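The structures come next, written out as structure tokens.
Two complexes follow with subunit A in common, the first pairing it with subunit B and the second with subunit C.
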Partner chain A sequence: MSISVKTFASTAEAATALSGDRAARFMGGGTLIMRAVNEGDQSFNTILLANDPALTEIQAQGDRLIIGSRVTMAQILASRDLEFLHPVARAVGGPAIRNMATVGGNLFAEHPYGDLTAALLVLDCQVTLAGGQTSTLPDLLRDRTREPRVLVASVSIVRPQSGIFKFRKVSRVKPKGVSLMTIAAWIPQSGGRVSGARVAYSSMGPTPMRVQAVEQALEGATLDETGVGNALSAATSGIEPPTDAIASSWYRREVAPVHLKRTLLGG
Partner chain B sequence: MSVEFRKELFADERDDNLNEIGKGTQRQDALGHVTGRSPYFDDHLFDGLLQIRCVRSPHHHARIRSVDFSQAANMPGVVKVIRPDDVPNNFNTLLSLLNFGRDDEALLSSKKVSYVGEPVLAIIASSDRQARDAVAAVKVDWEVLPHVLDVEEALKPDAPVVNEVYPNNSFDYHEKYDHQKLRYGDVETAFAQADKIIEGRYQMSPIEQAPVETNGAIAAPETNDRFVCYTSTQALFFSLGTAGKLLNVSSNRLHFIGGTVGGGFGGKVDSLVEPMAILGCMLTGKPCRFVWDREEEMQVGAPRGAERWYLKDGVMNDGRIIARQFTGYFDAGAYTRLSSYAIIKCTGHLPGPYHIPNVKSDVYCVFTNRTPATAMRGFGVTGVDFAIECQMDKIAHEVGMNPVEFRILNAYRDGDMKAHRREAKNCALIECAQVAAEKANWPIREEFKQASSMVGGGGERAAIPHTVTDEDGKIGDRRAGRSGGGRTRTIAPSSPAPAPAAYTPPPPPVPPPAAPSPAAQQPSYAHPAAAPAYQPSAAPASQPATPEAPPPAAPAPTPVPAAPSPESSPPSARPVNRPGYSRFASNSGFRRR
Partner chain C sequence: MSKKPVQFTLNGESKAVFVDDGQNLLDVLRRGVGDLSPKYGCGQGTCGACTVLIDGEAHLSCLTLAETVEGRSLSSTGGLAQGAELHPLQDAFMRHFAAQCGFCTSGMLMAAKSLLDRNPNPSRDDVVEAISGNICRCTGYEPIIEAILDAAQNGAGRRSA
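Coming up: the complex of A and B.
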């Protein structure tokens, strides 16, 4: 059977087609789907596209930003509103990949991809599906390989105040290597102490994830060498890092506190 | 990094008007690469190009009871199914072009498979995806057989037979032995006289060449009943000859066009894709493309083969190695490909770049149910070099010598006789070791700094010693449980040398390690790395004073006469012009290169 490509004017139609056909995949930018096509992936035979302009829009709504699921990394880099995400978008691939890779695709990208998703996890991301339903990002990630597949229309994130949002991608090859681990953190402080921290990893499990043990250890801590000690001790608590071509599980576990410390304290 | 020349070394041995090295020379293909214009085989996309994919074995070892492709043949886009019977001459060995070894491998196997990924059927379809879908629809009834993946297990009498052409699971050397022999001097007598016996076991894993461009070829009909084949091959005429043989066509009907190879490193000489693409073209009359995907490149692309080595050295307390014995096992995988040749090349390299007067080696080319092994940069030599150099460090540690000084002491000098009976020329290990030690701030004593490859060789060291030979390991003995030939004999040396019974260790090269000065009795180096500390051993008191370096021995006469046939000559030694057990090149005329 050959691959067939279906293009829809509306996101809702594409979502219906997607949920009704296990052998269909929705293509955001094509960095993963087209690679699979070229490698002869026989798990799907239909590619769905949607031309809905709303999917490629970036809108500011109060202190939140709505990003269409087909917005590319290159568009993020061109957006002043999303300046805080520029280091994140720049960490994804090279220019050619960033011209194709989309926000929605990143949510469904399998390990070791998903650097942007780690950032979204700490930016209080709300997900809006093609039918208008909403979901939290952790729920979406948990269910992302389940049938029927859902189509994400947009994500909504909060605009961080200066200095609160931190991001670090660790890779063997710079600047374009895949992630050994990616760390995103949202570290608000009150009276010199951390209050309401959010920390997320990518490439440290089957999907990007929040790291509750670290978040709890940071609560009330001062943002200095002594203060983050407990958080570093808890860096991989409850986590089973994967072994892949980039690093072993053991190695990821060993270096996680080092990179977490650099993310939190700089350097 | 600037390049530093040591032109004073070997100045008399080469014309040293270097006009390229050390200068910024642009690669001739760089412009094409950076502008995306270098032509690869895969740039020749004909209209209506058909795609070929193979049905492959999921088992290490299995008999093929039946193959049902009725459903696959009727699937959309499928143009033709290529069966083993469609291959005009479906049996080959790569080196048959050089008359070395027996045909042992099919392009498509019909009776049995001996490694995971072995192809049994090929599908030609209009698109790659259609070919893949049809491949998935082929039903093969496999009878899974016991398999063997370890070289020493494979040589046991009860091991499964991997390759029916070589039912002893080992390549037949010189139509006589199940291994490649090297005999030089008398290791057993020397072992008995050595101060220390040091043994080691070393294992190397297979290495995939991992080119960015996978193996592939595109073939199309040409005028005058010819076929054009664009290919990624590293060895154009080798691939042409192989395709001509498998397809039973004269090579003048094949028009091979190479060009840019997208990475090869030895992984693109096996010529498996070209015959298949041309065959597809012959059977359909249409242009056909056969390209491995990445998974195939990793799984069925032949790697550098694994090797296992056992080394046994007889060493004197002053650090001289007087005997070295090798037992090596090359894992050829399921078929010969180039492993048989790797061993010939390897044996010519033994015992490494060191003057050792007694050397014995048995190297086996073993068939296992692994992916067949093939060429990769320096194959046949790099593996055993790893073993040798690990062993050298081990010996240096055990005799308490600085490992660099230990290498300089034992290194070949110009004029030394090598174990395969060629004179050592243009030796440079000593100079390399001196420069490496200097660059690494690794202290060596003055007399080792003064040593030279051009001094101390030849003379007695050029003499071919009494050589003890044997007929152990005749083809089939091991599997039949017979204990080998057992007959041994000695061959007289080429020039006066101690008889085996009166064996004495060879003289050390010039200069001998001088009696250390009081200062030198302290450890003469203290490297920050965790190198073993050692006490330099004093030279034996009986060591002779340094003689003038004798001139290098005259070159050995060539060509080497064939070894006397044991069947036609009595076991007693008879006069031969050239001592030695067997000529190095095989009796097929295949020469080392």
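Coming up: the complex of A and C.
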């Protein structure tokens, strides 16, 4: 099947084209779309591009940061405002991939990819679509393959206070490999006890997800070996981890509490 | 399928080619321009064999839509040597036996060049990180890491080409 490429000056024009053509896909950096082209994916025949500079901007607004959907992992690594996300961006591929892979693409990356999205889930991410509508990130992930497809213009995340945000990508190949599981956590404390924790996984289901059983178990707990015990017991509660070439569902279940503990307590 | 004219600079030379809609840059370099130095490995962004520099940054040419390089400056392994004189990175790879089957070598060289252009004195960890997106199934990586560190000591990062 032949592919056609359409380039638009504005995000809104590209979004209109995307919503009106089931066989169109919007391309950010190319790491997903060009891979699909190379593999002969027959589900689309049109690639949409947008040259809107707003898509590549990073802006600070009060305690929140607005990140354009075509901002690359390399741009995140070059941003002082996004220093807390540097370990996350560095976990995505090698340098060449990071020069190409975008924030918006990560939101649509299929299992086992989407390490950044797990981090965004705990950073109170709000998604702004082309046209100005907003969505929560869990809603976007739930509907991301539903027609008509949407074009993400930017994401807004809260800037964490020091030490609150934790991230761990677990892979079998060092220094870089596909994620066996990725854990992101937002662990604020009040009076020495956890209050308002958010925990998210990627590579543990069809999309990155918040882990509410763990969050509830952490509420009011002390952040030590005894205090996190219930959270570790709930590490895979309500979750059906996938079996793939990286690991079996059983293996993911077995190691999830170990890596959750390391994420929460360090080590 | 429509054709689009694209102009870019490859290793300092102006190039003008017609590309197909959806054609990737690797295909254009190899079949359109005749530069066979970037290799087709996986086509998925996993192996790094197709790495080229676009405006000085490492990119995977197999995942780059060819028409997006309009007006940009590309570098490939084919432009490293100056006549019979090897680039210090190539020379170091040869002396350290950093190439066996050689299929990854082109991508490794460009990943290393991208590192040394930005950081002429990298640590071992910097080198490991720089080639972390490039797969080698022969050498075990150690000779490649040693070659890049050796090339850095010999000033590869301070050479313009």
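The criterion applied here is as follows: the second predicted complex is superposed on the first by the 266 of 267 C-alpha atoms of A that agree within 3 Å, B and C clash if a C-alpha of one lies under 4 Å from a C-alpha of the other, contacts with A are read in each partner's own complex, and residues count from 1 in each chain.
Throughout what follows, a residue touches a chain if its C-beta (ideal position, glycine included) is under 8 Å from a C-beta of that chain, and two chains touch if they have at least 3 such contacts.
Keep in mind it's a predicted model, so treat the numbers as computed, not measured.
With both structures placed on the common chain, the touch criterion links A:39 to subunit B and to subunit C.
In the superposed model, A:94 lies in contact with subunit C only, and not with subunit B. Set side by side, subunit B and subunit C differ in how many residues of subunit A they touch, and the one touching more is C. In the superposition on chain A, A:3 contacts both subunit B and subunit C. Of the residues of subunit A, those at positions 2-3, 37, 39 touch subunit B in one of the two structures and subunit C in the other. Residues 2-5, 27, 30-31, 34-35, 37-39, 47, 49, 74, 90, 93-97, 99-100, 175-176 of subunit A are the ones that touch subunit C when the two sit in their complex.
Remark: subunit B residues 76-77, 127-130, 132-133, 136, 293-294 touch subunit A in the complex.
For subunit A in complex with subunit B, the residues that touch the partner chain are 1-3, 37, 39-40, 42, 45. Chain contact summary for the complex, subunit C toward subunit A: residues 1-2, 4, 20-22, 24, 43-45, 48, 51, 57-60, 62-65, 67-68, 111, 114-115, 128-134.
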